[in-house]
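Labels run A, B, C and D following the written order; every chain starts at residue 1.
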Amino acid sequence: MTKPLGQLLAILATLAVMMVPAWAANMPRRIGYVTNYATHEWYQNVIKGMKARAAELGIAFEVRDANLDVNKEVSAAEDFMSQGVDVLIITPVNEGIVPLVRRAKEQGIPLVLEGSPVKRMTTMVATCDYDTGYLAGVEAGNYAMNHLGGMAKVMNVGLPLLSATVLRAHGFMDGLRTIVPNARLANDIDGGGNPDTALAASTAALARNADINIIYGINDSSAQGGLQAWKASGRSQKNLLVVGTGGEGLGFIHSMNTEPAYKIEAAMFPEKEGFTAIDTAVKLFNKQSVPLHIVSPSAAIVGADGWKKYYSVGENVRTIKWDAVNRLTPPANCMKTSAPF
Amino acid sequence: MREILQSANSTPTPHRLGANSPVVLIVLLALLCIAISIGSSRFYAIENITAILRQCALVLIIGSGMTLLLIAAEVDLSVGASMAFAGMIAMDVTNQTGSVWLGAAAGILFGGLVGLVNAIIVTRLKVKSLIATIAAMMILQGGVFLYSRQAIQNNNQLPAFTAISTGFFGPVPVPVLIAAIIFICTYIVLRHTLFGRYVYAVGSNPQAARLSGLNPERLKQILFIVTGLLAGLSGLILASLMNAGQPTAGRGFELTVIAAVILGGTSLNGGRGTLLGTLLGVLILQVINDGIIILGWDQELQLVVPGIVIVLAAYLDIVRRRAGAR
Amino acid sequence: MQRSPSLSATAGDMGAVAFCNALFRRNEMVLLLCLAMVIVFFSLASGSFFTIRNFANVFGQASLAMIAGIGVGVIVLAGEIDISIGSLAGAAGIPLVVIMNNGGSLELGIAGALALALTVGLVNGYLAAYLGINSLIVTLGSMFVIRGLIYLYTGQKAIPDEQSLESFYQIGNGRLLGTVPYSALTAFALLMGFMYLMRHRPFGRNIYAVGGNPEVARLAGFNVKGIKFICFVISAVLAGISGILLSSRLGSAVHVAGLGFEFQVVAAVVLGGVSLAGGVGSLFGVALGVLILSFLSNGFGMLDVPTEWQEVATGIIIITAVAFDEYKRQRK
Amino acid sequence: MPAEPSPIATQDGPALEVIGINKRFPGVVALEDVDLTLEPGKVHALMGENGAGKSTLIKILAGVYRKDSGAIRIGGMDADLRTPRDALRQGIKVVFQEIALISEFTVAENIYLERYPTDRLGSVDWSAIRKDAAALFERIGFDIDPAAKVGDLPVSQQQMVEIARALAHQAKIVVMDEPTSSLTPKEVELLFNVIKRLTGLGIAVLYVTHKLGEVFEIADTVTVLRDGCRISTKPIIEHTQDSLVQDMIGRHIENLFPHSRDMTGGATILSVEGLSTAKLTDINFEARAGEVLGFFGLMGAGRTELAKAIVGFDPIHTGRIVIDGKALLPHDTRTGVALGIGLLSEDRKTEGLMPELSVLHNASLAALRQFTIAGFVDEGRERGAVQQFIDKFRVKTPSLHQEIKYLSGGNQQKVLLARWLMRGLKVIVVDEPTRGIDVGAKSEIFALLDRLAGEGLAVVMMTSEMPELLGLSDRIAVMAGGRITTIINRNEATQEAILNAAIA
């Protein structure tokens, strides 16, 4: 799938990232992280990864939550800067933090973005949205060939709000078409990225056109909302495939364990993304050069037990298996990005 | 003054409670249905109708309580947040005990408890319900994450839990049946019982109601609790639909409910409103929502169109009221 | 505010002691004490709280809610409400950025943004004041409609500022002498202007009268509808100004900007002692309400209090404040 | 504001001429071809029953309503009164019966509400306002603090502020609608002095009232309206009380105060023992079945407070209220109503009417339990019962389903009385039962109260009207400063004794 050269570069990049602490003579004292939405499982796991890595490196680590409000995000970052953090990590709520990027530069505070890019940024740690969807799309194509009679009629429970989520859906369809060339996007809806809106929109969409056999959700909630709408309309899961994206928390593991149709997850390993972000922050602090986009790995998890390769679950917590995740080799560059900068 | 219309004594006006004619809303609903069905033949498919009704069910369940509350000149904006919390609790208790009944009861009772707290803050501490319940909304939205940051899954995969929302009773989906029962009960209570009359009286003039031997505070407390219980019930159904308790579910749902109730002609100032109007308001808003998707229009219009419809309906209500002033 | 005539009279005639006495009876004094307590508490709890830089930050951050809060304060004092301000603040950035992206100057962009705000204010005002539709319904409707139109126009994407005009960056991000944010100065100037209007201009007093008792105001010969109409315009234009600063702060017109802003602002206004029934309260109180909430949010952040606790605490504070107000009123 | 308004240049012609005014509302002719002429420096009384068209005429003069046809001339010039502002500009100041003040503002600010004195920047000149108001009060002898918040003042003082306001605006024509309805006798005297001062300045006063006594004391000329038509305009000296009443109601009322009952009274139904509240101290009295117990007191004596306390509406500190042997739970109207005590409040709007509800639902509210079976309302029986009362009381309404807010004040009061009478009470407390009610309806209500007592109810009547008190009560309790100063039988009561007790 990935070209050998790309693979090589990716391995090098990963190695480079892994080896940072060994070289680093200087550790930043404090790192501040402004997250997009701390109550969301994805970000909780990102924070988990960050905290673990920061503790390992002996760095004081603080988190503020923008709670989806970009203005609040700017305020929180402002506060961090005035308190004198050494490096700032931000998960942008949206492009509204561009002036903040400039201010951080003016004040000489290194800034790492997590998740999505904005203009003028120095660097960003993120998975490739398109690639993630693409990987899952290929697996979905294989599944369709083997179990769905080679037919692929997709309902995308999407989120047009974000370019990242739009890319995932494009990637999914493109990957799917490599295996099932006549795969069709039958319903493309705005599920709002949360389960109840996804449920409501999917219900109406299924009433309009129920002639589908694959539900793709741009995140786990959307996939679950789509699946619940399917179930609520009284249909059986027999000839259905549900594909979720993110692998945000326990939700997808639970769904894969219990829902017969939920067979594929495009996992994005938030813990790993957090881990990498801290390492990148350290590098920036040491004035090392870093690529514009540091790719965090993603993988398609297939089958009811597929997740066990990367996670273990106990009493309402999941624990990442670092070995397995660190073995994944992200590409150096994404196949497609939305970032024109 | 000389009353020219002395003889009018014998001709009662057609709509007694609130003199609120539902005709405009019925016509509006009919026009919408006709327009959408011309645009898409799938509109009348049984499946679509069922889907619309199921969506309506959730709004109507809380809307029934909210109508009573608004007639009594109070409002509850915490219902959306309460729904999410109640759903989480219902799922959690179901998981812990393995009993859907206990889970359902816990969820509904939690909603009732929220209603009780709202009631106490409004009637005892005398905080205006608009403010009190916005604050309650904030507290619940924060509190639900303190309860659990993650969605609570149906760990034991009890089919009975999902049946609450996806099951059918004959041809009727269970939530629609529940909503219908609740609607009919509240309709009868409001229209034909002592309690219903007292709701109007308290909303119209609480002082005078108290002088007439009513207890406005207690009546309002009951209404807050009822609305809370109904929010809990809706939260349970929503959790069942999603097969999980989701902490962010139901956000903004309070505005959907209030929009439907207002569209149905219930006054924000109390004393005026009907459940029939609320039913029509719920149907109209859901038909619009559904129509926008089924016609393949931009989903952004799901914000624009209801916004215009609500203001328009309020305006028509004023025009009708002026015309009927004498 | 309601006793401002006696206040200003005493301020002129008697000394500072009497002035303080007059002040002490007022709601604002209690708020001022609360604000002081918040500041003292966080200063003790966090070392980085009581610094000039942090205070400058907070004033800058508070300025958006302050400006919009002045408008909402005015409209609530007039006995109406405007909850479309969040959507409008978000929408105002669109003409601003689009005009600049098409080669227009910042001034032209601001004119465009203000024209949009003015239009919304005129429509809200016409529907609520002249057609007599309940203002909560009107502005709930326009909140939905404006947000929907923003999404339709932007395709649910932020519109970035492509010209990168320095002046545009400076209005929301620049600081006088590197310390005081211009936005805070703007908010302060507007606050002073509107406090003067509400206290000392006949028009401001008429707004109080209209909110306090519209029937009386009508009999006193006031153009009640016209006054309310103008208040809707004021509220919309101030929301627009807030939106312009927000847009500069975000360097773009963000489609989701201002979501939930109306709740924040109304909460601050109510916390500031303005009665939703109209006619009671002051813009000074509103300013204190905004500052209290801003300092709380800033301080909670410094103490690493999670968002959910912040939400819970804010809710409890609002209930307590309003219940306390009510308790005071009843005891009288 | 100059320190002392200068007399208006005396004109030869009338200050105000109303010529052939017509006004109709849908279904109602409010005014038909009404003429009225006010002379400068004279007091012109306008009388008539409720619904006669007085308030419509006042509202036209105030610019609140617009006339359908006819002309209004001010100082000989045609005037177009489209809005209240026009009326004020033309020099007409109307003092409405309902207090038209902003309660959150100070007294001084209220006085200059319509036209703030401003400095050269156009800012409100607060010190001028305060000084002018203080000077004005001193001149007319009002003892009110200009810096006080109006909402903190008693109603009577608020009324005085209203009147002072008319003076401050140098109106040429002052219209007063029932100005004495909440004033103490002393304040009434003060008011009459102020009116004399007004006329002395050449101001024309239109004095609208029900009170016959006042008319004879203050008016130069009287115009009577009935059913929207002008019945008569005569100098007051040509009238007698009887002739005025006859003009107003179009028939001769033999006896305003019927007394059909045996006055001995029956068993004690209501007993109040050692009642104290925030405003009342150690109140003790009993009311017997079949009697009217009148409570008299000046403004602030605590009549309304007493009424609200004994029905359980207001909290009490100490004391017991016993109805027919059973003690009332304090601060609980429900047991009160259940035990058979009810209050007809003086404030119809805020404590009586359910404005959005129909006549039917307003009337049946308190008695509704009687028409229910297992909580369900038997609407047929309810309607029948209400219809009986509507017919008996001659309530003018197009239908039982009419919203009550569209009825006239007198008709509203009848419906509210029906609300209690349907309930079958043992004690009815009526607070100023005839406030804002015309002579015709007054006598109907007196007859009703008398009949109720005759049927065995205890009627407790709070009133500030001496004739009403003496005409209807069997026993009279006089209150002052929140205490009962004396309780006397009517045959022993003289006006003088009562007033002395009220001042005590």
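Just a few scattered comments:
In this text, a residue touches a chain if its C-beta (ideal position, glycine included) is under 8 Å from a C-beta of that chain, and two chains touch if they have at least 3 such contacts.
Just so it is clear, the model here is predicted, and its values are computed rather than measured.
Common neighbours of subunit A and subunit D, listed by label, are B, C. Relative to subunit D, the most remote chain by averaged C-alpha coordinates is A. The interface with the greater count of contacting C-beta pairs, when B-D is set against C-D, is B-D.
Remark: subunit C and subunit D have CA centroids separated by 43 Å (rounded to whole angstrom).
For this pair, subunit A with subunit B, the centres built from the Cα atoms lie 37 Å apart. Mean C-alpha positions place subunit B and subunit C at a centre distance of 31 Å. Chain contacts: subunit B has residues 145 touching two or more partner chains. Residue positions 39 of subunit A are each in touch with at least two other chains. For subunit C, the set of residues touching two or more other chains reads 156, 306-308.
Chain contacts here follow an irregular pattern that is not a line, a ring, a star or a complete set.
Across the whole structure, chains are in contact as follows: A-B, A-C, B-C, B-D, C-D. In the complex of the two chains, the subunit A residues touching subunit C come out as 38-39, 62-65, 67-72, 74-76, 78-79, 82-84, 93-99, 102-103, 119, 160-161, 163. Across the interface of their complex, subunit A is touched by residues 40, 42, 45, 47-48, 50-52, 54-55, 145, 149-151, 153-155, 157, 162, 165-166, 168, 238, 241-244, 246-251, 289-290, 293-294, 296, 299 of subunit B. Listed in rising order, the residues of subunit B touching subunit C in the complex are 121, 125-128, 130-132, 134-139, 141-146, 255, 258-259, 262, 268-269, 298, 300-308, 310-311, 314-315, 318.
Taken together, the subunit C residues at the contact with subunit A in this complex read 48, 51, 53-54, 57, 60-61, 64, 155-158, 160-161, 169, 172-173, 246, 248-252, 254-257, 259-260, 297-298, 301-302, 304, 306-308. The part of subunit C that touches subunit D in the complex is made up of residues 2-3, 5-6, 8-9, 12-13, 196, 199-202, 205, 208-209, 212-213, 215-223, 279-280.
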